[in-house]
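To keep things simple, chains are lettered A, B, C and D as they appear, and every chain counts its residues starting from 1.
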Amino acid sequence: MTKLTWGMIGGGEGSQIGPAHRLGAGLDGEFSFMAGALDHRPDAGRAYGRALGLDVDRSYGDWREMLDGERTRDDRVDLVTVATPNATHFEITKAFLEGGFHVLCEKPMTMTVAEGEEIVNISKETGKICAVNYGYSGYSLVRHMKAMVARGDIGKIRVVVAEFAHGHHADAADADNPRVRWRYDPAQAGVSAQFADCGIHAMHMASFVTGQEVERLSADTISAIGSRVLEDDAMVNFRMSGGAAGRLWTSSVAIGRQHGLTLQVFGETGGLRWAQEQPNQLYYMPLGQRLQVIERGEAGLSPEADRASRVTIGHSEGMPLAFANIYKDLAEAIQARKEGRTMDPAANLYPRAEDGLRSMAAVFAVAESGKAEGKWVDARPPMFR
Amino acid sequence: MTKLTWGMIGGGEGSQIGPAHRLGAGLDGEFSFMAGALDHRPDAGRAYGRALGLDVDRSYGDWREMLDGERTRDDRVDLVTVATPNATHFEITKAFLEGGFHVLCEKPMTMTVAEGEEIVNISKETGKICAVNYGYSGYSLVRHMKAMVARGDIGKIRVVVAEFAHGHHADAADADNPRVRWRYDPAQAGVSAQFADCGIHAMHMASFVTGQEVERLSADTISAIGSRVLEDDAMVNFRMSGGAAGRLWTSSVAIGRQHGLTLQVFGETGGLRWAQEQPNQLYYMPLGQRLQVIERGEAGLSPEADRASRVTIGHSEGMPLAFANIYKDLAEAIQARKEGRTMDPAANLYPRAEDGLRSMAAVFAVAESGKAEGKWVDARPPMFR
Amino acid sequence: MTKLTWGMIGGGEGSQIGPAHRLGAGLDGEFSFMAGALDHRPDAGRAYGRALGLDVDRSYGDWREMLDGERTRDDRVDLVTVATPNATHFEITKAFLEGGFHVLCEKPMTMTVAEGEEIVNISKETGKICAVNYGYSGYSLVRHMKAMVARGDIGKIRVVVAEFAHGHHADAADADNPRVRWRYDPAQAGVSAQFADCGIHAMHMASFVTGQEVERLSADTISAIGSRVLEDDAMVNFRMSGGAAGRLWTSSVAIGRQHGLTLQVFGETGGLRWAQEQPNQLYYMPLGQRLQVIERGEAGLSPEADRASRVTIGHSEGMPLAFANIYKDLAEAIQARKEGRTMDPAANLYPRAEDGLRSMAAVFAVAESGKAEGKWVDARPPMFR
Amino acid sequence: MTKLTWGMIGGGEGSQIGPAHRLGAGLDGEFSFMAGALDHRPDAGRAYGRALGLDVDRSYGDWREMLDGERTRDDRVDLVTVATPNATHFEITKAFLEGGFHVLCEKPMTMTVAEGEEIVNISKETGKICAVNYGYSGYSLVRHMKAMVARGDIGKIRVVVAEFAHGHHADAADADNPRVRWRYDPAQAGVSAQFADCGIHAMHMASFVTGQEVERLSADTISAIGSRVLEDDAMVNFRMSGGAAGRLWTSSVAIGRQHGLTLQVFGETGGLRWAQEQPNQLYYMPLGQRLQVIERGEAGLSPEADRASRVTIGHSEGMPLAFANIYKDLAEAIQARKEGRTMDPAANLYPRAEDGLRSMAAVFAVAESGKAEGKWVDARPPMFR
């Protein structure tokens, strides 16, 4: 098995997301970091790339230079990660897909639904992978939840309850802090703030675990800090393609909550509960029996869970390893293509362009419903209606 | 201080609520159980009353007999508890208030908003206490939350998140069980099932703790078990009189949850979280600081919390003691009247007819909104608009 | 069924233990409080008794007066609780047993092992019940643990791990506070402080749950606050009659712990864990399976657990109800004697003189071993060797 | 900054520890994996090395070949990890230190105290780093505990309570399973089983956090499964160089516990509690105040904690990242030497030969005391007495 090669756009010096991607891509040794355009300032990007060990000729000044440089190489990178500011994701992802590269794009994949549909189409036409980084779906026990639901352990799903509620933007005195302010400014953030930033992770997870898509939704959005144009707290009710009802609360003013991503799934014959802040336990109650604690790494879990688990039971695994599982999936997907074989189905779990598109449609639906007193609106992208 | 006397209507042999009331009323020794009409079958009621130690002439066959019997006695009971089937609460409560008795009525106080307004008016006109048993408000730390909010510890309230979600009606095979079925049958239960039964406790608690009333709401109600006419899962968004936004989820199909009554309150300068299943701890984060664990019984709590606490820190107190605190409040209210003094303000916390009325208005509002795709509706009783 | 009558010695105005006993005895309505000698100051005791509703002639000035007064009455109290200072327990308990009364004595039952043996013998000779208030054994799920062990659910017991560790005496500045100081002063507290005060509860619980007696022990005792003569932290290893090994840690300087009474029992085919601060859940793992959460009040528990449970699942029950279960046991024991029948075996769980004696022997053994570098010593009272 | 190079001995195909080390060394990109002798079967080791991307000439058949091969290269590896069976650690570590390499040795560093002293001396004489992999000391909040203690946040330490109790060897039917049996066989495991395997981690952590060494100890060791010669459950009391008393329980028959490594530290002015299974929270109570939850990644932690933290607050970090922190420390230690500068003191936390030696002395002391009824014995290696 040849080691794969990898390049990154964005994630320059001082960014939080850059090291997380390098860690995720490098963790299992399946990708070698070989190329990058790491900063919007060409010189800074080139210097930082060299500092990270890239060759001079693959330490690019901007993404266009990188596209040109890599496209013509025999040893072009196998995967490109796009971790630039949100507004540029579409353009860059599109260009690299069209250039024949597999892409992992940070969320949001695009800023509009139309762009999202375009990416889905391009990905189909080119046959190139377009993955989107809903990294929380990489946790071993989240994948086990999905497997349990898929094999019918809790029966037909009735209700899904998702949360992503933190308190890190609760200080009104901080509302003018540029680090925070842009998120609530439509000119920079688009039509939604807290739902688009955090809530969408919870919604993706609800779909991922249940295997159902969000079809309709009704949203109650508020700006608890009055100076904000976009919402900092939202409640979204929804209906899913398999008949499940959903409730999703997201907030950035929930003082006392640190991260607050949790998922509860209630079916006809059982219930499941998982929380990102304690990700190595999954709480499961079969109807009429007792609550059980499923431990990551225990014997007899699903192949999906086992593949996404690295250390023995009782040793916690955290977010960076969940993140790395997305890269591990992609490595298998790319290797399988290279080798002309079917990929391991337990790895075929990375979020893809369709997920990025559906998320964008949901963001617009939440914004629309939020402005219309919670009117129920179609949450599906036009191409999937 | 003379010991007070107490009578009960309903709560016959085999009922769950009867022992809970006798325990609550008797716990602190402030009330002597002296009269009762305990069963809808006169003979059974009289026999059970005598078995519980009531005198023969105060062990009544029905509530009318009791009303007649007690009304004419010099030593008539100081307080009457109404713990009969829901549909009879209004008639009995009304009759005893008009007969000059203080009443503690089980929830729901009435079956309609108009009846609720009538009770409020009668209570005012007669000057008699009409309390309603939202017993969870009796927990020491719930009262401390209220005190903290009132004195401004967490600033102006932005968002309240309440839950009451259990899984005890999740078994579809159980839907025809008479013990469960009546709750979802409009002919017996009225316009709402799970919200009226459980959700309303969470909503009362949100009002109790914040000191704000629910003004408008939007509800998404579903019957997860299809054969049910009334809802078994509901999400209610609301707005409160002091500007707070609320989210309330209630469910009876949440397998894995046992009781699930929790309250989170987020203000401008802090957040609070409390759960009924672990009622002796209150989680508090002041803005920009760390999460703290407030323990029931710790030094320096509010007078309201101290009055509602009986054993030393580290020893759990449970639901029966919370319940007893409602009786303890009522004992003080009645004694103060007898003695012609102002009552201890830390005891002036028992839920009253106005709360019963507002709850009924909310129940109807939820039912109306739930049928109208979540339309926002006025949740206030007409008399308070 | 005639209601039983009850009297108390000690527990005067302002005491913590008095209200707890009145609450415990009165909770289920099985005992009427009819007599008392509540204070070491005769006038204060008489006045307080009358304030609590006792008749003038049964509101006694001291315990001797009460013994004389009650002994000659036809309606003498059925049970006497002794809740006086520790050093007086022996004398009073002895006198009342010899006077023909059933007694519930606060712990410690005596100050020496010889006295303990005397009480055991008197109880046997007189045929009167002598119960000792190890009240934590009254919790429903503690009784369920005992039942599970007895019926073999976790196989032969290998190891028991018990703790009672709090931090309420950790402030060195507080060491001279009279409220705290006496506990560490041999002249007032005897041979042991923290073990005798708290650790002994944990040791009783280990015996209660496993059904095995402590035979030998080795103790490491320290005075973390140097000015103390008696220990404020101790580790005790022990061996039990059925072959189990035990580890017991007790401390009063464990800052951050509020109460800290926990019990873990590990057998050949399963493990159990319970904590007093969250008493409504019991954690159970059958060998090779998953951790399960047993909830107080769930269907299918043992008769012993059901009898000690009052409210429905999901509603917490706390320490006062555990305490009340000791009285509930005693009510059944006394009624059964009166009616000449065998008592309900599920009620035959109250701690008795033998337990009080064994505890005293363990206290002396801990003190002896602690002074002898942890030498293993016999922990049994001579009469049981 | 030049990237460092790294080699490994042991950790062949199918081993658990190999991937953990490769992950730890590679995580931050500071070490390139360049050489290895990965298997005791030369051909298998060479093949696996090549499969992992090593050059043919640095994919060695055994450690002697690797020592010869690397010693003569200009680009010899900067660090060698020894992850072979325990009995070979001494010989290999010694040889590589004498060969001029920095070494990270898996625990136990040696099988005897004398060997441990020899390694300490060789490390001093050669000036080469000899680190030992007590990897749990790499957790961010463990390092913060150490920093808090060092700066006096909880005052002089009184009592340390450590645990490492799991149930993975509780099945008697499994006692003959070769995977388990060897651990309890003196011929293969030495003088101690559970204490040497797990307990020693807890003891290292007690020393690491308090900055005090274990001087004397008393042990109660048992074989709960009778066929075992060595202990599967032990309680160790100890005294530390700064005056702290310690209690340490370790077990492999504690059914229901998964990992069970916890540490509680109680000082004159505060208490701390941390558990490996939920490593992102640290519980802290300042004397007379409330319990606080310190979150990994929160603002204002110590430099030691910050350096050992990679992702933002609320995202869990697990054991692999703790492990990686040992490599991160070593990278800084080696780079500082290369650059002739003082190393970052916040990185100077990796366990070293002295820790490996002290651990071995403690293991022998536990074995000795356990056989002598808990006699207190000196736990220090002779060279440190």
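Throughout what follows, contacts are C-beta pairs under 8 Å (C-beta built on N, C-alpha and C of every residue); 3 or more make two chains touch, one makes a residue touch a chain.
Chain-to-protein mapping (UniProt): A, B, C, D = Gfo/Idh/MocA family oxidoreductase.
A quick note: this is a predicted structure, and the numbers were derived from the prediction, not measured.
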item	value
Chains contacting each of chain C and chain D, listed by label	A, B
A-B against B-C, pair bridged by the larger set of C-beta contacts	A-B
Between chain C and chain A, distance of the C-alpha-averaged centres to the nearest whole Å	56
Whole-Å gap separating chain A and chain B, where each centre is the average of the chain's CA atoms	43
Distance between the centres, which are taken as Cα means, of chain C and chain B, whole angstrom	35
Junction residues of chain C, two or more chains touched	291, 295
Complex interface listing, chain A residues touching chain D	1, 3, 16, 19-20, 22-23, 26-29, 33, 51-53, 166, 258-260, 276-280, 295, 310-321
Interfacial residue positions of chain C with respect to chain D in the complex	154, 158-159, 161, 165, 167, 170-172, 218, 220, 222, 224-225, 233, 235, 237, 245, 247, 249, 251, 253-257, 264, 266-273, 283-285, 287-288, 291, 373-376
Chain D residues touching chain B - in the complex, by the definition given at the top	290-295, 298
